[in-house]
Amino acid sequence: MFPWVYGFTWSTGNLIFLGIFFTVVIVIGLTLGLSVLRSLRSAQSNEIAHIRWKSEFHDLPAAARTCRHIFAGDTRERTCAHDFDCGTCTAHRHIEELRRSGRIVLHRPAGSGGFSVSSERLYHRGHTWLRREPDGTVVVGLDDLASRLVTDRSTLGLPPVHAAVFRNAPLVTIRRASAGTRILAPIDGEIVEVGGEGCEWLVRLRPRSLGTDAFAHLLRPAEAAGWLQYEFERLQRSLASGGVGVTMADGGLPMQELASAVPVDAWDRALGEVFLEP
Amino acid sequence: MVIDLDRCTGCGACVIACAVENNVPPAHEGTTPRTGLTWMRVVRVDDGRSFPDTRSVFVPLMCQQCDHHTPCVSVCPQNAVEYDEETGIVTQVPVRCLGCRYCMTACPYHARYFNWWDPEWPAGMEQTLNPDVSTRMRGVAEKCNFCHGRLQAARAKAAAGSRPLAPDDYQPACVEACPTEAIVFGDLNDPRSTVSAAASSPDTFRLLEHLGTGPKVRYRSRSAAVRESLTRNSVSSEKEQVHG
Amino acid sequence: MDSSLIPRGLQRTSFPRFLAWVLPWVALLGVGLFAVYLCLAYGLNQTNMDNRFAFGAWIYLDLTVIALGAGAFFTGFLLYILRRKELAAVINSAVVIGFICYSGAVAVLMVDVGQPLRAWFTFWHPNVHSMLTEVTFCITCYLTVLAIEYVPLILKNRKLRKNASMLLFEFQLHKLMVVFAGIGTFLSFFHQGSLGGLYGVLVGRPFAFRPAFGIWPSTFFLFILSAAAAGPSFILLTSWLVSKIARKPLVAPDVYRTLGRISGSILLVYVLLKAVDTLVWINRTAPGLGFQASSFYRYGDFGSWILFAEIVLLGLLPALMLLSSRVAQHTGWLVTAAAMACSGIVLNRFVMTIQTLALPTLPFDAFLSYVPSWQEVATFLAVIAYGVLVYSFSFRYLNLFPQERELRSA
Amino acid sequence: MNSSISRRDLLRFAGGGVLGLLLSPLPWKVLDDSAIWTQNWPWIPEPSRGPITWSASTCSLCGAGCGVRVRSSNGHPVSLAGQAGHPMSAGTLCATGLLAHHLACHPSRVLQPIRITNGTERTAADMATIVAAIHAAHSASTSASPAIAVIDSRPGRAASRLLMELAHQWPSAAYGVAPQAGRARTDLIRKHFRTAVPEFAADIQHARLIVSFGAPLVDGWGTAATARTLLAETSAHPRPRLIQIEPVRSRTANVAETWIPVTPGTEHVCALAIAQAIIEGRRMKSAVRARAEDAAALAAFLHDLDLPPAVRRCGISDARILEIARSLSDEPASVVVASPAAPEEVQSAVLLLNLVAGTFFREGGLRPLPEIPGAARTTDARTLEDFDDHSLSVIILDESAAGADIPAAVFGQKLKPGSGIVVSLSPFAAPRPVPIQYVIPAAVWGERLTDVAGTSPAGEISVGLAMPVMPARPDTFDTAAFLGAVTGTSQPSTEEILRQRIAAIWSGRRGMVYDPSSPTLRPVHAFGGTDALWSVLQSGGCWIDGPRPAGSMPAFRFLPAGLAEHLTKRVAATKAATAPALALVITSDPLRRDQAFDATLMSKVRDESGLYLPCGSVAIHPTTAEAHNVGVGDDATLSINGTTLPVHIACDSSVPPGLVSAMDGDGPVALAQSKISDRSVGSVASATSAPSVIPVTLWKA
């Protein structure tokens, strides 16, 4: 096999064959090594949050990846391919420009479908909202759909103060039923305060940046209303097709008692659907 | 090697001598002619004439020592079969064989044998093993090598006398054992040798010559019927006429 | 907990029912492993192979499963190299099937050789002129590649992905998958071909021998083509079968159609070339070796109907069916055609391995038949059981069909 | 600092460990060692490599007396070969002879006295018990007839003389021999010739024409040198014409110039018809006619037999008969031989044919055999069959040298009912149908000194010494030593008797001595004395009687008393017999002929290659198979006179249609033979493995 090892002959056939073989082995080895190296490097450079979100986003069903502009009525059919990072999305910029110049208008009335949407808040696709406070901090809370689903505050595991949080990285964990589900952070920042029982928000953050780009990916209230409606329907579909029998006569879920209407064995799936965990 | 089929009585002495020389173990219980370890085998073939004119011919069959187009050498994945350029003998390196049996599939003469069982000798019989040849081992393919042990001994002897190996320096065990001297062994390349004289006789033929493997074992028979029945292939067989 | 391992959003049967499905296969595997033990401990006398039938059921199994496992390399090739995105729906399943087929084949080979402890000798003393060397090298490398391709699937398991390092490794590996797909394709081309060459070079077996183009006999190329044709058909077949057993749609019908079209077109090319090859063999190769081709079809049940079945009935016919747009409208017909295509390849491998050895060469030889021993059959079935088990576990705990969730909610 | 070990740490440790192990030499060493291990599995024996020595001896497995060259390693024989210039065997050894050195470690070797109960169960026996049993039988004997028979399997050896002398010293014991093939023939020859004539042997080496009635000339006629003589073709020695008249195509028939398939059981008719053709053709040699006054009577007798209808039953044309008759008359160096196993009527008819053709006392014909110098006259000794029925308490069988088999039924007939025992001195105890109670271990070839008297292809007699070539097993018994122990007498050793024999050779000054060390053939008188002779014979040489002057034929009778009636009866029986649906022809397996036991490596020509029909298989013509609805490899049942036995079917187009060919041996056919002999059916029960014709029905199992 190796030159100078017993029985080796310097024939052309041997050299070509073994040349190809060793090339293949080296390529496989190098590629494997490269991926190990890259994963080590990304582990060190703290890209875990970013990569995790990329990977999870990739595995989300298409229905969960609907473009925000559908909810605003700007477009009819579009699936996000930018990890919900609207700041880097050219299509988003284009539509925004069109809207600014008044060439398109919101032709869909802001109907919340029964969910309350506050005009002071920006909404994250992971069903959190964010409100900018005058002191430069932001408070983050669960939106109307999420808070109807997660009614018991004690099941939430909140991060400690001074913890760094990253956009689309786990912020809060929900311990309920068999599996835990995490709630994604809407923006980068640092925890400055954790909300107590009865508080409308969960955590107070000091954002890393206060520039517009830091908030570009968040849904505006006008979009959020349609979105919440859409998400509720998606949740309903998901539970219905799974053979879950507990629905109302009209096939819909009772919005008010959402948490109790979801059967225990479907709980995990419902949380996964809502909080974008594939 | 030239085998005179007219002189073979099918006594089996060559088969036995081969087994004794090469430490081939006796049959394990359950062995059949299809799983046997007979580096040398004698096959009875009818000459194709009809009864009562028909005669059997006994065909001693061993590795035909194909020429350079040896089917078994090229297929062995790990060079466990080698072609000796000096003697033209196809040799087997059993300790390198992994027992894939590809060579057996390749051999048109079915002259390769697999050690299906662990070799077992009756108690005490290990004393009778030939010290010049290693014992057989389970799981490898083997075949006739024109008595490699004897060749090596002859080589050593020639080297001790500081002379080149002469073709008459040794005879394989089967040649020695044949009571009717039906097998002639020697250097085919030497035009003066008995074997090349016999090989050039018009009565001489090779098995499956069409395949182009160039076997170095020749057969001869004065009977045209025998020659015909051993060189015919399925093209002209009677069966075809019968079955269309 | 079992349910925490099942990908979120996928509906899987209850654990007891899964267990009930798995246990018979485990039992079969157990019997097979016992047979393997017998073969390894006592030698190959446990089989009914003999000096004439030196290759038996196991080699046939190897050639067949490797041909059917070709779906892995070919789908990978189409997806990653030719960018046929729609095949992403079956790539995971294809990789698992490929892995099962190849690892099963290699495992059986380890039992099949007389001295398994010397298996690595092929690497140490390679004879580059032997097709088997090529096969050994390529299959070993390709099995490694398949294992590497399988790893991301496993790492994406719900539980494992929680571990950051696994997630990162999966992510980085996935990004380089195109390299592995390329290497896999390269290796597969060679070993699929070499498996064909394995018999094509046997000048001592005029039934199998074919003249060489360059250094490879025509069967080399025919095997590549037939494997490439059978692979997608087998993926189609298995996907359909799994969706029937699981009673839920797994891939969209247009994926079936794509697979069928790909399989059909390659099969058509293969069948045409195979027909040409057979004609050349009948008129030139076999007579050149002193044999009349028709003489090979005189023995036992191996009449010339085999040739007809192989080329027309299970070759041309399914090829045309797979290409027909009317057939493509009905999944049932599509599956039938795919099954026929696979059977054609299975028959081809049978003819190459078993019929070749059964036929006599010497004028005084007899046509021999061979019936595998229970140990051989059990080992054979163990590979199937192993395949079913690996696939069942993969299907239950990994996301084999990315479209499944959407098709479910659709 | 959290010092507890997490699962991840463990995983990392394991991963790192594996990686580190791969980089260490350990895995490679394991691989290497495992490969070396597969080359030297501990359970596979290694040949013992030691100094190689060569010695010479004589094979004593059968009476042929082939010269053996022994190659030994560490003092143990590892291979045998023929002695190239040996006058008897000319460098040949048969397949069995090539394996003689393996018999010492035969799996059924007996190494201590054993007792066999119920035919198969074996237990270790006490020597004293056996001796006591013999003594008890001895003392219990009251009648005048002997109560103990000492049966010699191969008379003519030095050991035979010892046995004989011992038996004579023992009041109630008698010496006997196993039934010998060809004894009937010898008796008959004596009847034909009025003067005392010696035994005759066919001079195959010089014969130009051999008419053989089933004689196994190439595979069991003396040494394998006979085959060489028949098949060799040199300008000095053109191949003799061989006409083989035999029902099946044996190996001899296969190489014969002409093979005449004869209907089984009609060989004697064929021989008589040839004789008649010679007489009527008036070609009978005048010398023969002049010596026998009853030529006219013979012609009349043959005429009265009305042979033509019987000949037609033989399946041989008149033209063939005439042709053979003409050839026999025209060729002076011709001989007619029959298989030693042929039935009596065939032997008689063949002898008659030889007389008519005038082959006696001619070169290439039947030549007189002199007596072996120094041998006791055992030819006249009675056989086991000659003892009174139910008179024997003990039968002591000397089977230390292989000889003819005795049919099981004879034992039952001769032993005292209920109390008789059979003691065998044998190296082996393979299961046999013979009712043996005790086996005393004996030495095998190569373990002790013995002698072999053989006949060369030229019909010359020889004596060779079989020298020990391996260490003798201490636990074996010499026959004489055993009998000495039983009788409590001391006997001369084998060596002493052999020395006496060599002294007799020396005193006769006749013949030649072959010296393998030169190798030369020198006349006896050229040696200095018995010591010189002894030492040459000890080193693998042999004595061979010198060329005898071609004697003239003494006066004889064609039809001695009883022969005419015997033949008339036999021919009439042939005419009357209705053709059976199928005839079973049992041929003796030449390799097993004198050998009750196969060397284990004989599996190469039996189980592993099918060169010989395996025991338990019968061969039939494909058309016969078709007619009986059986196929190759089928299990079938053979029914012979009510006895059924399971057989495997082998199809063989060389077996004439209507025949079933089987080999004798220890398979079902032997079983059938023993069963049938219990019913006393015909020639199957004869001591020898005669080709026997049995009506057979065959159906699929």
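Going by the order they are written in, the chains are A, B, C and D; count residues from 1 in each one.
Everything that follows uses one rule, which is that a contact is a pair of C-beta atoms (placed from the backbone, for glycine too) under 8 Å apart; a residue touches a chain by one contact, two chains touch by 3 or more.
A quick note: this is a predicted structure, and the numbers were derived from the prediction, not measured.
Common neighbours of chain B and chain C under the contact definition above: D.
When the interfaces A-C and B-D are ranked by how many C-beta pairs touch across them, B-D comes first. The chain occupying the central position, as judged from C-alpha centroids, is B. Averaging Cα atoms per chain gives one point for each, and the point farthest from that of chain C is the centre of D. Chain centres here are Cα averages; for chain A and chain C they lie 40 Å apart. Work out the mean CA point of chain A and of chain B, and you get 76 Å between them. Separation between the centroids of chain B and chain D, computed from CA atoms only, is 30 Å.
With centres taken as mean Cα positions, chain D sits 97 Å from chain A.
Touching of two or more other chains is recorded for residues 115, 118, 121, 124-126, 129, 133 of chain C. Residue positions of chain D with contacts to 2 or more other chains are 38. Looking at chain B, one finds that residues 32, 35-36, 43, 79, 118, 138-139 touch two or more other chains. Screening every pair of chains for touch gives A-C, B-C, B-D, C-D. Those residues of chain D whose C-beta lies close enough to touch chain C in the complex are 31, 34-35, 37-38. For chain C in complex with chain D, the touching residues are 115, 117-118, 120-121.
Of all residues in chain C, only 43-45, 49-55, 112-116, 118-119, 121-122, 124-127, 129-133, 136, 198, 201-206, 287-292, 294-296, 298, 356-357, 360-365, 368 touch chain B in the complex they form. Per the touch definition, chain B reaches chain C in the complex via residues 28, 30, 32, 34-36, 43, 45, 59, 69, 71, 74-80, 96-102, 104-110, 112-118, 138-141, 207-213, 229-235, 237, 239-240, 243. By the touch criterion given at the top, residues 1, 3-4, 7-9, 11, 123-126, 128-129, 133-134, 137, 141, 144-145, 148, 156, 158, 161, 164-165, 167-173, 175-176, 179-180, 183, 186-187, 399, 405-406, 408-409 of chain C touch chain A in their complex.
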